[in-house]
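To start, the structure itself, in C-alpha cells.
Lettered A, B, C and D in written order, each chain numbered from 1.
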Amino acid sequence: MIKKEAMKIISSKQIATDTVEMVLENEYISNHATPGQFLHIAITGHTLRRPLSIAAVDSKARTVTILFKIIGSGTETLATYQVGETIDVLGPNGNGFPVQTGQKPATVLLIGGGIGVPPIYFLGTQLKKFGIQVQSIIGFQSRDYVFYENEFQALGETFVVTNDGSYGYKGFVTDVLDKTSRFDRYYSCGPLPMLRAVSDNLRGNEGYLSFEERMGCGVGACYACVIPTEDEAGYKKICQDGPVFRANEVIL
Amino acid sequence: MIDLSVTLPGLNLQNPIMPASGCFGFGREYSQFYDLGKLGAVIMKAATGEARLGNKTPRVAETASGMLNAIGLQNPGVEKIVETEIPFLSQFHIPIIANVAGSTIEEYEKVVTVLNESTDLAAIELNISCPNVKEGGIQFGIDPEMAATVTEKVKKRTRVPVYVKLSPNVTNIVDMAKAIEAAGADGLSMINTLTGMQIHLPSKAPLIANKTGGLSGPAIKPIAIRMIYEVKQHVTIPIIGMGGIETAEDVLEFLLAGADAVAIGTANFLNPFVCPDIIEQLPAVLKKYGFTSVKEATGGAHQ
Amino acid sequence: MIDLSVTLPGLNLQNPIMPASGCFGFGREYSQFYDLGKLGAVIMKAATGEARLGNKTPRVAETASGMLNAIGLQNPGVEKIVETEIPFLSQFHIPIIANVAGSTIEEYEKVVTVLNESTDLAAIELNISCPNVKEGGIQFGIDPEMAATVTEKVKKRTRVPVYVKLSPNVTNIVDMAKAIEAAGADGLSMINTLTGMQIHLPSKAPLIANKTGGLSGPAIKPIAIRMIYEVKQHVTIPIIGMGGIETAEDVLEFLLAGADAVAIGTANFLNPFVCPDIIEQLPAVLKKYGFTSVKEATGGAHQ
Amino acid sequence: MIKKEAMKIISSKQIATDTVEMVLENEYISNHATPGQFLHIAITGHTLRRPLSIAAVDSKARTVTILFKIIGSGTETLATYQVGETIDVLGPNGNGFPVQTGQKPATVLLIGGGIGVPPIYFLGTQLKKFGIQVQSIIGFQSRDYVFYENEFQALGETFVVTNDGSYGYKGFVTDVLDKTSRFDRYYSCGPLPMLRAVSDNLRGNEGYLSFEERMGCGVGACYACVIPTEDEAGYKKICQDGPVFRANEVIL
C-alpha cells in the first residue's frame, strides 16, 4: 500500500557525472518496497512530484537508496538537499518486476541503460538472494557517467557499454547481446528507444520492461501516464499497472 | 462550533470541500489514503457516451506554480461508470457528482440519460469545455448561445441538478454565466483550465503530445478569484469555485469572492491528503477571520 | 559566434532582449545598475495625452509565481516624455519604443502626434488594453473591430512602425491578431497581463485598490507561449513576445513558439540585472540547442 | 547608490513573539546605509522582494541588523534561514530620515509603533552620536511583542506603550505624548493609522514620517508604491523619494 512518508536523508553523494546516490531512512518503505517500484518525491517549489526508482533497500538499517541523474530543475534541487533533512515521499508506488511469476527462472539477463540502471540493480540483488543466476548489461553515455559497475560484478558477469566507447564496450546495450550466455528471462529498464531495441532483439524471449512517462498523481487517478496495450482495455497506467510490463503486453 | 455545512441544489454538503473532476479518478486510488466519507462531495472524472482512450502521451507538463494537462477525456464510458464506479463511491455516503462531457449535444444527452439509471447520483457537472465536433471543434464553453443550448437540452433529460462548468478562456465570463443561468442551470462550477503550451527545448516542439494543454494550479488562482467575483455580482445561482486551491486560506478566499463550495484538483497530486487536511484546518481559519460558518463567508468580499 | 541580432520594422536590435513597458519606468532607475546600451531596445512606460496619477494604492500584490498590478497608467504625459525621458534614453544609442495608451481614439492620435516631434523614437507599442471611456469602458483590446480601428488611425498619424500589444483576455487571440495585421500594424507585441484578483482575508476585500489587477510573471508563461504559437500560424508580421520570462531558456522557448524578439517585465523586480544577465547567457543556450543565431530559432516549434 | 549584494547571515534570533532580529554581513551596505533606508530582500519562492528597514549598522564589524515580524509567507520563510546562508539584497534603498537638514535640532522625539520601531532605533543611535538629546515612545500590541526597550533606554528617556496595557503604559503612542518634554523635531515610523494620529497630535511641529506600501521594484521604476503629495506633482514614490517624508509634504 502506498503511504505518504517522511524520509530522512542519511547520505547524499555524487557517484558519477550529474548522478547522485541518496540513502533515505524510513521503516515502512524499507519493509515494503520491491524491485521496480518507485518513490514519488515532493520537491520544494514544484507543483508535481518526481518519480524515482528504488535502487536498493536495507531493511535492517531501514534505508532505501535512490539514484538520480540531474536533468532539470527538480533533480537539481533534490541534489542540494542536505543530510539530516527529511523529504516528503509517496511510496512504494507501482508494481515491480515479477520474480516469482510463472516458472522460476534459473538464469536471467538484466539490461539497464543510464538512469534505468538503479531499479535493475535492486532486482539483481533480490534475484541473487533467490539463487537465480544473473548476468547484466549496463549502458551509459560515456565513461564519466558509469556507476555501480562493481556492484553489478558482485551479482554476476557484467558487460559495461558506453555509447562513445570511452569505457567498456562501444555502442548500445544491444550490441553486446551476442556476448551473453543463454538465459530464461530478461528484465530491462532504460529510455524508450533502448527498450524498443531490446525487445526487438530479444523477441521470443520472456521479458519484462520498466517504462517512464511524465506523471501527475503517480497513484493512478489522473490518467497522465498511460501506455497503449495489446488487449482491448487500450491503455494501462504506468504509475499503477506498471511501471513494469511484459514485453508483449504493451505497444512500444 | 464552526458550521461547515452547505446546502446547494441536490447537494447536502457536510463541508464545502470536494475533489475536482479529473484529478481524483473515481476515488478508488485516494480511498487508500483516507476515508472518502470525510469529503463534502466527490466529482468524478468526465464521462462520455462511449469509452475514450484520450490523447497520446506526454499528457502533462509542469509549469511555474501550475501544470498543463491534456488527458483527452480518457474514461471507460458512462455505462461502465454507472455500473461500477458510482456503486463503489456510494459506499462513502457523500454526494456524488458526475462530470459530463461530449462532442455533440446528442452525446451530452445520451450521457445524462444513462446517468439517470443511477439512484446514487446527486448532481451533474456539465463540462462544456470540450470541442464540439459538429461545429468544427469550437467549444460549447466559449459561446454563450451554444452553452445555453446544451444546458437546456441536458436539463430536460436529467433528474438531478445541473452545475455548468465554465471555461475561463473567454473574453466575457459574465455573459457566459448569465446565458447559462437563463438556460436553467442550477449552479455554476468555475473555473476549468486555461489553455496553455510548453515548448520542450531539446525536441523544439510542444511538450504535450496534444500541443496545448489546460493550465491548472496556484498559478491560475487570481484568474479564478476574479471570474468568480465578477460572476457573483450577476447571477443568483450558487457557484462551486476552483482553480489553484492548496490551503484552507485559499478556500476562504474563494468563499469571500462568491463561491458556495469549492473543488480541489491539482493539489491532490502533491498532497493526496489535501482535502481532509483542509477540512480539518478550515474551522480554525474561518474562526481566525471572524466567521462562525462557511455560509457566512460566501460572498463576503462584495460589500 | 552566435548572432543575436534581429532586424524588425524600425528596430535594428543588437540582441532580442528589451525591458517590458511599465516594468522599467523610463530607464533612469535601472541605469544605476548597468549600462542600458547593452539592451536590444527599451520599451518605455505607457504615455497618455495628459499626465495621469493612476490608481489608489495598494497597486500590486504577489501571487503564486506571479504578481498583480493596477498602476493605472500613472505617467507624466506624452509631452514631458518627449521633452525629458526620450532625450535621457537616447544617450544609450539603442532603439527606443514608446508604449502608447489612451481612453479614446483621439487620445491615441494625440499621443502619437506629439511623439512625432521626437527624432529619437524607433517604434510605437500600441497598448490597447486600456478601457475605452467613450464605449463605456470596453477595452479596445478585446474587440477585433475596435482594435483594427485604433490601429488604422494611429498608423495614419505616426512616422514610426507600430507594434500592437495584444490583451490575452480574449476568447480568440488569432482573430484579434488577424484584424490588427489587416489594419496595417507592423508587428505584434504579446502578451499583456491577464485580469486577476486577490482577496485580502483580514479586510475581506480585494487587496488591490482597483479591485482587479493584471497578472504577470512566470505563472502566465504557458498562456503567452500558447497564444504566440497560435498567432504565429496566422500572421506574417513579427512578434515581440513576453509573459513570465526569467531565463535565457525562457527566451528560447518564446523564440521557438514564434517570437522574433522578447520583452522582460516582472523579472526585473526580483533581479534588476535580468536583462543583461540573459543577454550574456543567451549565446550559450542557443548553442546548447543547436542554433547559431536568434533568427534561426524563431518559429522553430512550427514543423 | 543601490547595489545588489549578497549578505551573509551572522545571527538570527527571535527577540519577541513573531519578531526576528537578523544580523547580516556586507561591507558596502554597512558603509552606506543611513537611518530610514531599507533593504529589498529576495526570498526563495517569491516573485517580489520584501522591503525591511535597517535597524542598526556596525561598520567596524561590517554588519547590518534587520528586525522583522513574521506576518506572511515571505517573512515566515526568511525566519527559517540559517546562520551562514547568504541572502540576495538590494540596498540601501530610499531616502532616510534627514538629520542635518535645516537647523540642527537640540532635542528630538522618536515615536515608533510595532515593526516601525527598528528604523527609529537606528536613527536614535545616530542622533545620539551627533550629540542630540533623544526621548522615545515605542508602542506594541502587548507585552510579548515588546523589544529593544533597553536599547532605547540607553539612548534617553523612553516610554513603552502597549495597546492592551499588559506592559508599560496602556493605549496608543499618542496617549503618552503629554508625558514627553519639549522637543525641536519628531520622527515617527509605524502603521498608517498611527502616523495619522501622530501627525494630527503634533501638528505645528517639524516632523518626519516613514511610510510603508506594497512594492514592486523597490527602486522607483514601477510606480507601485506611491503616496499622494501636497504639491502639483501629485504623487511621490515611497521606495525612491521616501520612505521618509516631511509630515506636511504628503497626504495621509
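Definition applied: contacts are C-beta pairs under 8 Å (C-beta built on N, C-alpha and C of every residue); 3 or more make two chains touch, one makes a residue touch a chain.
In this text, all values refer to a predicted model and were calculated from it rather than measured experimentally.
Taking each chain's centre as the average of its CA atoms, subunit B and subunit D sit 47 Å apart.
One finds 36 Å separating the Cα centroids of subunit A and subunit B.
The geometric centre of subunit A is 56 Å away from that of subunit D, both derived from CA atoms.
Looking at subunit D, one finds that none of its residues touch two or more other chains. In subunit C, the residues that touch at least two other chains are 63, 65-66, 217-218.
Chain contacts in this assembly form a single closed ring in which each chain touches exactly two others. According to the touch criterion at the top of this document, the contacting chain pairs are A-B, A-D, B-C, C-D.
Note for the complex: subunit D touches subunit A at residues 44-45. Chain contact summary for the complex, subunit C toward subunit B: residues 63-66, 68, 142, 169-172, 194-199, 201-202, 204-206, 211-213, 215, 217-223, 225-226, 229, 244, 249, 252-253, 256-257, 289, 300-301, 303. Residues 22-25, 28-30, 32-33, 45, 51, 53-54, 57-63, 65-67, 69, 71, 74, 217-218, 266, 268-273 of subunit B are the ones that touch subunit A when the two sit in their complex. Residues 1-2, 4, 42, 46-49, 74, 90, 213-227, 234-235, 240 of subunit A are the ones that touch subunit B when the two sit in their complex.
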